[in-house]
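Take a look at the structures listed below.
What follows is a pair of complexes built around chain A, which joins chain B in one and chain C in the other.
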Partner chain A sequence: MSEIQLDYAKPKLLNEALDIISKSINPYILAGGTDLIDMIKEGLVQPDMIIDLKGIEQFHQLSFKNDALFIGAGVTFSELIESKIIKEHFPVISELSRTVASLGIRNRATLVGNICSAVPCMDSGPLLVAYDALIMTVGPKGERSVPAEKWFIGSRKTAIEKGEIVIGISISSPGKHGSCFVKLGRYEGEDLAQVNLIILALKNYIFKVSFGSVAPVPVRAKKIEQLINGKVITTSLIEEACKLIEKEISPITDIRATKEYRMHMAKIMFERGLNAAVSRLNGSGPEYGKNLL
Partner chain B sequence: MMYKEINFILNGENVNLQVSPDEILLEVLREKLGVKSPKCGCNKGDCGTCTVILNGKTVRSCLVLAIEVDNQEIVTLEGLMGNGLTPLQESFLKNNSFQCGFCAPGIILSATELLGRNSKPEKKEIQEAIAGNLCRCSGYSPIIDAIIDLTN
Partner chain C sequence: MEVSKYVGKSTVRIDGKVKISGAAKFVDDLDFGADLLFAAVVESKYAHAIINSIDTSEAEKFPGVVKVVTGKEFPFRFGLYMHDRYIFAQDRVRFVGEQIAAVIARTPDAAKKAAQLVNVSYTELPNVLNVQDALKNDTFLIHPELGNYQHVPWFFPKPETNISHLRKVRKGDTNKAFKEADFVFEDTYTVPRYAHCAIEVHGTIGLFDNSERLTVWTASQSPYTQRHLFAEALAPLGLTHKDVRVITPFVGGGFGGKAGVSMEIIGAALATTVKGRPVKVLWTRAQEFYNTYQRQGLTCRIKVGVNKDGGIIAMDNTLYWDAGAYVEYGANVVNAAGLSASGPYNIPNVKIDSYCVYTNLPPGGPYRGFGYSEFLFGLESHMNEIAKNLNIDPVEFRRKNAIREGDILNYGGKMNPNGLIEAIDKVAEAIEWGKKEYSDDPNKAIGKGIALFWKAPAMPPNASSSAFLKFNEDASLNIMISGMEIGQGLLTVMAQIAADVLSVSPDKIRVETPDTDRNPYEWQTVASHVTWSCGRAVERAAIDAREQIFDLIERALDKDRTSLYLENECVKSRKEPGFSLPLRDFIINGIMKEDGTFRGGPVIGRGMFMPEFSSALSDPETSQGGKPNVHYTVGASAVKIEVDRQTGKMRIPKAVLAIDVGRALNPNLIKGQITGGLLQGIATVLYEDMRFDEKGKLLNASFSDYKIPTALDIPDEIISIIIETPQPDGPSGARGMGEHTMIPAAPMIANAVEDALGIRIKSMPITAEKIALTMVKEKKIDLINI
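This part shows the complex of A and B:
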């Protein structure tokens, strides 16, 4: 592994963690480790200190109070899938979490880790952008809450500042809503997204649409939202919206898919996701977790 | 190199050893403790051959630091077997599920975790549970058949 002498700490208190960070040259936070350990092995990062946050109790918090969901930085995708709070208030988070990697990864990997690694094909990015989530951090300058749209600034680049730790994510409930997460992989199970998409259908047919894996950062499709907001969804409206997808996203060709295929599938996924979100809002539609592709 | 002492339970027995913070659990299990059922396949969490059970849940031991399991509990296939084959292993044997067997320990642990949660899983749930355990011999059908066979 790295030539740098590596140290490890597992503090029980947040202040202790911040103190260790401030005294280290190149500290890295360890949650599930499913990205970090791999990045260390690949030589992409060379930490001198690993701070394991699993010992800090508040990081395991998953709660829904005053219409706001809080997902602590230590909450794993498996915990999100099993959570009654999530099933009841945000079933799309469970729908999404079930598509992340494989079970053995989901047992360790955290949603916060996913958005801190911020690789363009991450599944959690579009979710947070669509819900206007806040990323809560604490650091030498105190606490901050960063809107998800401002969090992602490039491939593997976030708005985190030196010495900061992400405590968790806060998502305000938009009230009763239908939602749908659609992910395109090469096969079912374990694959990274070629395109992913989340659609929220709120009351009065207000929509939130966000795409992932088709640009360096998650795309909030505001032109599409403006077009369809307040309207009854018809085939011709969907056709019109699909034309806008070409203006909203900028997929590339890579090892997993061509840009043409991604663009083509983004439109199909949008149509199916939109129909599912609307029918779920109205109490019908496919059950959460059903693959629409 | 800086060494730290860790204590954990491995297959029901207390283990105490010195590790450096950059040591990977998979390597420590295989090379320092002689536990050979977890294997190194892809070494990056994709193939599932290094699966172990950490505090009741399957994890990829190639993506866990040994130092992280201080005060935790690990079970490998060796611990699951105790003195003989488990009913699940018998079913795999009967259905001729494996050829080379390299993926078998991981698949047995993943299927065991699933059956602990759900004693009669649907085929789809079985597929989901073992999606992260790659097998290059079987085409998966005899593996899934064996799990279904056991639950019938």
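This part shows the complex of A and C:
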């Protein structure tokens, strides 16, 4: 392994963290570190300062108040899987978190870190987009809350501004709803998604559909939502929706899958995910966590 | 007369505790203190290029750098079976990642950074990245010097081509037989390259001390072969075999990847340039993928002639191997596969051409299965297709044509005793062959597939093993061998063999990993031959010690020698039930006579084994004559899969493997091999493969994109069936079985997919993606209408 020279700080207060950032030339923020440390090792980034957020207590907050869920920047995927709040109000977050990497990584990696790295195959992006989540930041210009759809700008590019830190994610509860996260991997072991998809089925058959890993940023499938909103799900409706998938997503061919397979699977995943979300809304359907593929 | 007390029992591994407790040392764990230097290599950016110049001046100035070494210092050609490679590239590079130079520095980081400062000027040459291009008439020659290369007598290179070896088999009259056959079936199957993916990467530390002896610590399956190649390659520096010492601690997985010599030559050579200081070379995971041996790719064109009744009368199998930039080891894979590419079938007329083809991809080499996994994918897929066309049950078709004891092999010898028919029957029964099953899930189909397998050790006819065995004061034993423990349980089984002969329990026996100064000769731990061969050497060493004991008792105590036997660490006599002399009372210090003098002394056993019946001499045009293979181990395997018609994803509810091991020396270790081998084979068919870009660069040199199975990917149930038809020349009748367990995996999955979905996939791997897209293409499912 290479020797790397850099400074490391683990502030206890948010202001301290902001101060260190403002004084550093090339600061990088470390939450779980599961992406950052690899990037440093491979020489992809050369920080002069790493600011470890785990010492800041408020970043570990995971709460549900006034119908809004708050996930602090330091909350790990394992904590999301274990959380009673998540199980009760947002079981799909647990369903998703269980598919992220492997146990050791989930014990360190954070959902906020995932959306800050913002690689196209991230699992958390489509979730935030489907829920119209807000990404809460603080920086030299004060606090901001950025809607998820505006957060993702491109592959590995987000709306974060210089000197800013993401504090956490806020998700308003859409009320009673069924939901489903489906992820395509190459085998049963840990894998980066070749396609992922989240579907929310709200009351009165209002749907939220978002795809990941089939475009540089998560895709909110609004044309499909418009088509199926308020309707009873039938085979012919799904067929029609599947035709729209070809217009909504633009998968590429790479070493993990061809665009043809990604497109094919997106349709199958949509059908299975939609049926599962609807039956879960109605109190039946597969248990959360069951792999539908 | 002797009943085995230990052989045949599932003795707990003697190296188990040190491994699970973390006490076991691997090469990277060894401590060399503050003097240790580190080397990083400068690698070729191109698949094929002329090296114009190498400028090391900037690297030499880098703080911490001790020395920069280039190919100029080692202009020696070397190799195992063919001398076609250099320690560092000379005037040209032949694959992306090939070592051109090395920087030795006081820290790994300084070495790595300075290596980036070495400036190599290249002139690119045309790339030859596949077998088709390599065989064109106007192709670019990758080794223009091929005609001058030294090689073993059983290789037949074709100078002025990219064919480094052609193994030809001609048995019977295939032309006539194909004309007479009722049906002829022909097809082409392809297999990509694969990586071994041992959890421990390759690493080596070389020390050329001030007395000018070279010690090399390696992660290896082949310490003696390494010593030999180091001594041979570095002979121009004045080194002889006695000056070279190879020490091999525990190894974290080999699978063929740590056989022979790959990167270890770099550590050995570099050490000679920094006398008195140890220098370490440790591969990264990426280097592990692109600069060790890879399993070679194969294109196999197979033609089979059959009669209406299902009897196979002729086979023509042409194998084109993508052997990579250097074939010093890989050409023997091509050779071995060529001799056996008819599979375990009795076919009177056989023609095989097995081509070893140079390409500008990383060097091919040994990988568990040694070519048999590759050709059996096509062969066993094809057998199913033939059976289907003839409307014969695939199990019945195999049963009818399966090779039996005494049948004539491709090179003219006779097939050894074997339980292939028993294996077929038992596997068919365990998988409930003939019972069509249906999934509860309407999207899913259940299919069953079967494949037969065989494999012989591929080794020089004089490959031998030897063993020393020495008693200690308390009658405990140290056994010294140079067979490697690579996870298969060799140390335990060797202890069991000696334990039976000497009546000393295995927990009083220590078998250590090799040090060529201390442990006697072993060719290599490869070819699934080491239990068989090293086992015979250990057995003979134990018998040698026992006979010394009996000699002494006869001489010192005047007992009838023929009545003596060993039991519970005592010498006993059938004639005198009251006589029982503990070994510990005399085994080192002898037996005192009445006058106070002693007879005896430390008992040290010695044993060796060489298969004196083997010969590699045969007619190059036909392969007739000689006895290149010491024995074949055979078996059958079957699988039940549940596959999703839409997604192509597959679950394996049940896998069964039956193998004739001759004698199961340790049944639990055999079950371990069956489980591990099946899983490794299943991974090669379901998701592994190596991908290269159009410039010959490996695209998936990491576990992010080269997937190996996890605990979640194991079949729900694995049934291991052990068959025991004794091998007359094996220890207690045992024969090799380690590699064989992965060989049938690919075709049996392919056959199960065909059974479940009615699609025949002729290229590996058979990924979910390939299944689903084939289903769409063949209109078995509709893309939109799901």
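Note that the second predicted complex is superposed on the first by the 288 of 293 C-alpha atoms of A that agree within 3 Å, B and C clash if a C-alpha of one lies under 4 Å from a C-alpha of the other, contacts with A are read in each partner's own complex, and residues count from 1 in each chain.
FYI, contacts are C-beta pairs under 8 Å (C-beta built on N, C-alpha and C of every residue); 3 or more make two chains touch, one makes a residue touch a chain.
Source: prediction; values computed, not measured.
Student: Which partner does A:265 contact after superposing on A: first (chain B), second (chain C), both, neither?
Tutor: Second partner only.
Student: Have a look at where A:255 lands relative to chain B and chain C in the superposition and call it first, second, both or neither.
Tutor: second
Student: Between chain B (first) and chain C (second), which, if any, makes contact with A:293: first, second, both or neither?
Tutor: A:293: touches chain C, not chain B.
Student: With the two complexes superposed on chain A, say which partner A:188 touches: chain B (first), chain C (second), both, or neither.
Tutor: Both partners, chain B and chain C.
Student: Scan A:37 for contacts with chain B and chain C and give back first, second, both or neither.
Tutor: Only chain B; A:37 stays clear of chain C.
Student: Starting from the residues of chain A touching chain B, keep only those that also touch chain C in the other complex, and list them.
Tutor: Touching chain B and chain C on chain A: residues 1-2, 188-190.
Student: State the interface residues of chain A toward chain B in the complex, per the touch definition above.
Tutor: 1-2, 5-8, 10, 30, 33-34, 37-38, 40-41, 50, 52, 54, 78, 98, 101-105, 107-108, 188-190
Student: Within the complex, which stretch of chain A touches chain C?
Tutor: 1-3, 186-192, 238-239, 242-243, 255-258, 260-261, 264-265, 267-268, 271, 293
Student: Considering the complex alone, what residue numbers of chain B touch chain A?
Tutor: By the definition above, chain B touches chain A via 1-2, 4, 20-22, 24, 43-46, 48, 51, 54, 57-60, 62-65, 67-68, 70, 110, 113, 127-129, 131-133.
Student: Which residues of chain C touch chain A once you look at their complex with the stated criterion?
Tutor: Spelled out, the residues of chain C in touch with chain A are 107-109, 112-113, 644, 646-647, 649, 686-687, 691, 699-700, 704-705, 707, 709-710, 712-713, 767-769, 772-773, 776, 783-786.
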